[in-house]
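Here chain A shows up in two complexes: once beside chain B, once beside chain C.
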Partner chain A sequence: MEEEKEAVMVTPGEVLGRTSDVKAGRGAYAALHNNTVYASLTGFRHTVPPAPDSSDLRPTVEVTGHKAHGPVPQPGSVVIARVTKVMARSASADIMCVGPKSVREKFTGIIRQQDVRATEIDKVDMHLSFHPGDIVRALVLSLGDARAYFLSTAKNELGVVSAESIAGATMVPVSWTEMQCPLTGQIEQRKVAKAAS
Partner chain B sequence: MEYVSPEGLRLDGRRPMEMRQIRAEIGAVSKADGSAIFEMGNTKVIAAVYGPREVQNRSQQISSHALVRCEYCMANFSTGDRMRKSKGDRRSTEISLVIRQTMEACILTHLLPRSQIDIYVQVLQADGGTRSACINAATLALADAGIPMRDLVTSCSAGYLNSTPLLDLNYVEDSAGGPDVTLGILPKLDKVTLLQMDSKLPIDILENVMQLAIEGCKAIANYIREILLANTKQLEYRRGV
Partner chain C sequence: MAGKGGSTPATYSPSPTTDKKKPSLFNEDLARPDGRSFHQCRPAFFRTGAVNAASGSAYAEVGNTKVIVSVFGPRESKKAMMYSDIGRLNCNVSFTTFATPIRGQGSDHKEYSSMLHKALEGAIILETFPKTTVDVFALVLESSGSDLPVVISCASLALADAGIMMYDLVASVSVSCFNKNLVIDPVLEEENGQDGSLMITCMPSRYEITQLTVTGEWSTPKINEGMQLCLDACAKLAKIMRSCLKEAVSDSQE
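The block that comes next holds the complex of A and B.
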């Protein structure tokens, strides 16, 4: 059809069709009082043909907004987060990167006690695994509840990748449970991530 | 004082149904999710939109749709006399509420539950019609932020002086003490979202003045759509699509 080849730009409020002819997809909405589909975003108009097995023969019209929103954490993606609060059974973290991209909006994640490591789950002490201010690499388990994503560090490559000691220096990992301060030699307990090399 | 000369010209040389020059610019505030500068003659307004983002005050969170908040202020240097007013004076609060209600009517808030949209509007230069310019700037900023809207809300003012309906009053005409109608509409849906009036006006003349303001709003809407489309084209060109 001509509509698919030609790049038509629309602004909010422009008429895209009637509800009897097209379905409102992303970036469009249907006004029920006059059976008309309007655009709700500024961008390019696209027409998606209906699925072959679908009983509804109307194509779906979409508007692709030009605004590039930041990445959103999905279940299964590896994120970099900063620990903000450590409690007895969980730790709160702010997600800063999703894979190699940094996020724009604020996303909160929770690392629960049973998701810290794969072995000896009952013996996990949260305060010996994370500290506020640590940078951790974690895996998104699920979207969690309405407030926070559920994160997991129950793999060798996941865990604390950067931490500061009491003296203020960045600590060096010495084992999978310990980090050492290069200035004072103090050893602190963390759930350390395995180095990438 | 005479505001419309016998030849049909106003004090600044416009015809009664002529608007002041409109200029708009998108993306003035780089840190904001959407921003715009809007000028109507000598009135200059800057608007910034942040959001949709997490609600800051948990108690104000609405589970079914987005919370829209608006803050309006005039810069101290924006008027002829330098002002010393604090932020919470009555006029600013009233205009903030007016802009918030107008934007709430056009944003599809049910698509963004438990979130918050902040609109900040500041008047840099005031020469009458600041309310209308603020609404137009906020609409441009919301469209720039990519927030889904039913339509672009546009606003325009109209008045009645020397037995003549006048479109888009400036400060001198606004200070003349005559009626001043501020109208906000959704031009494609043909709905009124804002109607305010000062002073008195017979009902039949009010309809004439309103009709004049509606035509002004539609002209502003056409201009705003051109600005948005040009901005989108430029972005696509820059992205290399």
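The block that comes next holds the complex of A and C.
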């Protein structure tokens, strides 16, 4: 199938091609009962040529250009969350961003004691790792239970990215376990995220 | 299957527009009260993006029936709900107090809500938002006959506007039975005097039915005729809905 030069707009349910000719990408799905690929979103139809080394010669057809629904946390996605409550063995957090996109309404996440860091799991003190109000970067481990998603900060790049001191100023990370207040010089313990350069 | 009991007033009240005791719905030319032929639908108008706060919304006018639908989500399910690997769909249909000719209480219609839910859940790809909930709120601003089919069509437009992945748009049309005559897209007067009614909700592109509601007495050939009539009307209605969505995307691109 030739690549579309003019952008064609499609709506949910419109036929994009046969399953023998194209593969269903984002915003499309394949109906196996009649071997047809349909659009599942409203937007513009795009055809992506197959990878040169791929054995499958069918191009991938996608629907893009229209706003999809708000982001939903998926296992494996990196989220930005605000810590709401710190307990002895876990910390509750409200997920505010999924990747680069902010969510319209909050999702509840939980960071368990065994997911705070990769080493010395048994010696983790939750109150020395997080504080209510901290902004943390975390990885979604799983969908969790009915209450909350399971988050993990057990990597160098994950952890607290922004925190306020008792004096109310934004603290500066000084090591992977400490942050310092620029006003008072007070040092507080946190599970600090490695700064991205 | 329960009929649309909510739309019929419990006590009889003469319509201000009718002076005769028992007016004939059709005159000698077999024209309907609003001048349509038996197999002609009322003009339909759709617009998306009617509610700013909602993730997706749509407004629909079919004749004098006016409906506005808001979609919120996918958002977090309530804590009381059980864990679910697929998404959840909640529907709520309500009427304004001024929607009916007789001023009502603006009550929720549980029966309409469950019918809307059944019509939509077959068309939404629930696996794309696990553990979350999509809430659909439909408000009937003016009731003028065939309210539920308009609500269902408008709700599918609102879901598409919200970016919820769907197998197809959902179009819905109803037909009323008078003796041997089938009347499509009935108005309120026709609904009040009908012998039976048939409502079809379908995904036109895939030619699949998500809901079929039959009330009253029907013979099998008459049901087949009514179904075919509704499916043809749904295909035309879906074209109007698709052009409305494409208009909205074109406007947002500018």
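Please note the rule applied: the second predicted complex is superposed on the first by the 129 of 197 C-alpha atoms of A that agree within 3 Å, B and C clash if a C-alpha of one lies under 4 Å from a C-alpha of the other, contacts with A are read in each partner's own complex, and residues count from 1 in each chain.
Following the convention adopted for this analysis, a residue touches a chain if its C-beta (ideal position, glycine included) is under 8 Å from a C-beta of that chain, and two chains touch if they have at least 3 such contacts.
The structure presented is a predicted model; accordingly, all values stated were derived computationally and were not measured.
Engineer: May I ask you to decide whether A:Tyr29 touches chain B, chain C, both, or neither, giving the answer as first, second, both or neither?
Structural biologist: both
Engineer: See if chain A has more residues touched by chain B or by chain C, and give me that chain.
Structural biologist: Higher number of touched chain A residues: C.
Engineer: Taking the superposition on A as described, I'd like to know which of chain B and chain C A:Val72 touches: first, second, both or neither.
Structural biologist: The second partner, chain C, only.
Engineer: Examine A:Asp145 and indicate which partner it touches, taking first as chain B and second as chain C; both and neither are also allowed.
Structural biologist: second
Engineer: Is A:Thr177 contacted by the first partner chain B, the second partner chain C, both or neither?
Structural biologist: Neither partner.
Engineer: Applying the document's definition of touch, where does A:Leu41 land relative to chain B and chain C: first, second, both, or neither?
Structural biologist: Both partners.
Engineer: Just to be sure I read the superposition right, which of the two partners does A:Pro12 touch: chain B = first, chain C = second, or both, or neither?
Structural biologist: Touch status of A:Pro12: both partners.
Engineer: For chain A, which residues lie in the overlap of the chain B contacts and the chain C contacts?
Structural biologist: Touching chain B in the first complex and chain C in the second, residues 9, 11-15, 27, 29, 31, 38, 40-44, 65-67, 69, 105-106, 146 of chain A appear in both lists.
Engineer: Which of the residues in chain A come into contact with chain C in the complex?
Structural biologist: 9, 11-15, 27, 29, 31, 38, 40-44, 65-70, 72, 104-108, 143, 145-147, 149
Engineer: Considering the complex alone, what residue numbers of chain A touch chain B?
Structural biologist: Checking each residue of chain A against chain B gives 9, 11-15, 27, 29, 31, 38, 40-44, 65-67, 69, 105-106, 146.
Engineer: Can you list the chain C residues touching chain A in their complex?
Structural biologist: 55-56, 72-77, 79, 81-83, 85, 125, 129-132, 160-169, 203-206, 238, 241-242, 245-246, 248-250, 252-253
Engineer: Touching residues of chain B toward chain A in the complex: what are they?
Structural biologist: Interface residues on chain B, with respect to chain A: 33-34, 53-54, 108, 114, 143-146, 148-152, 186-189, 224-225, 228-229, 232-233, 235-236.
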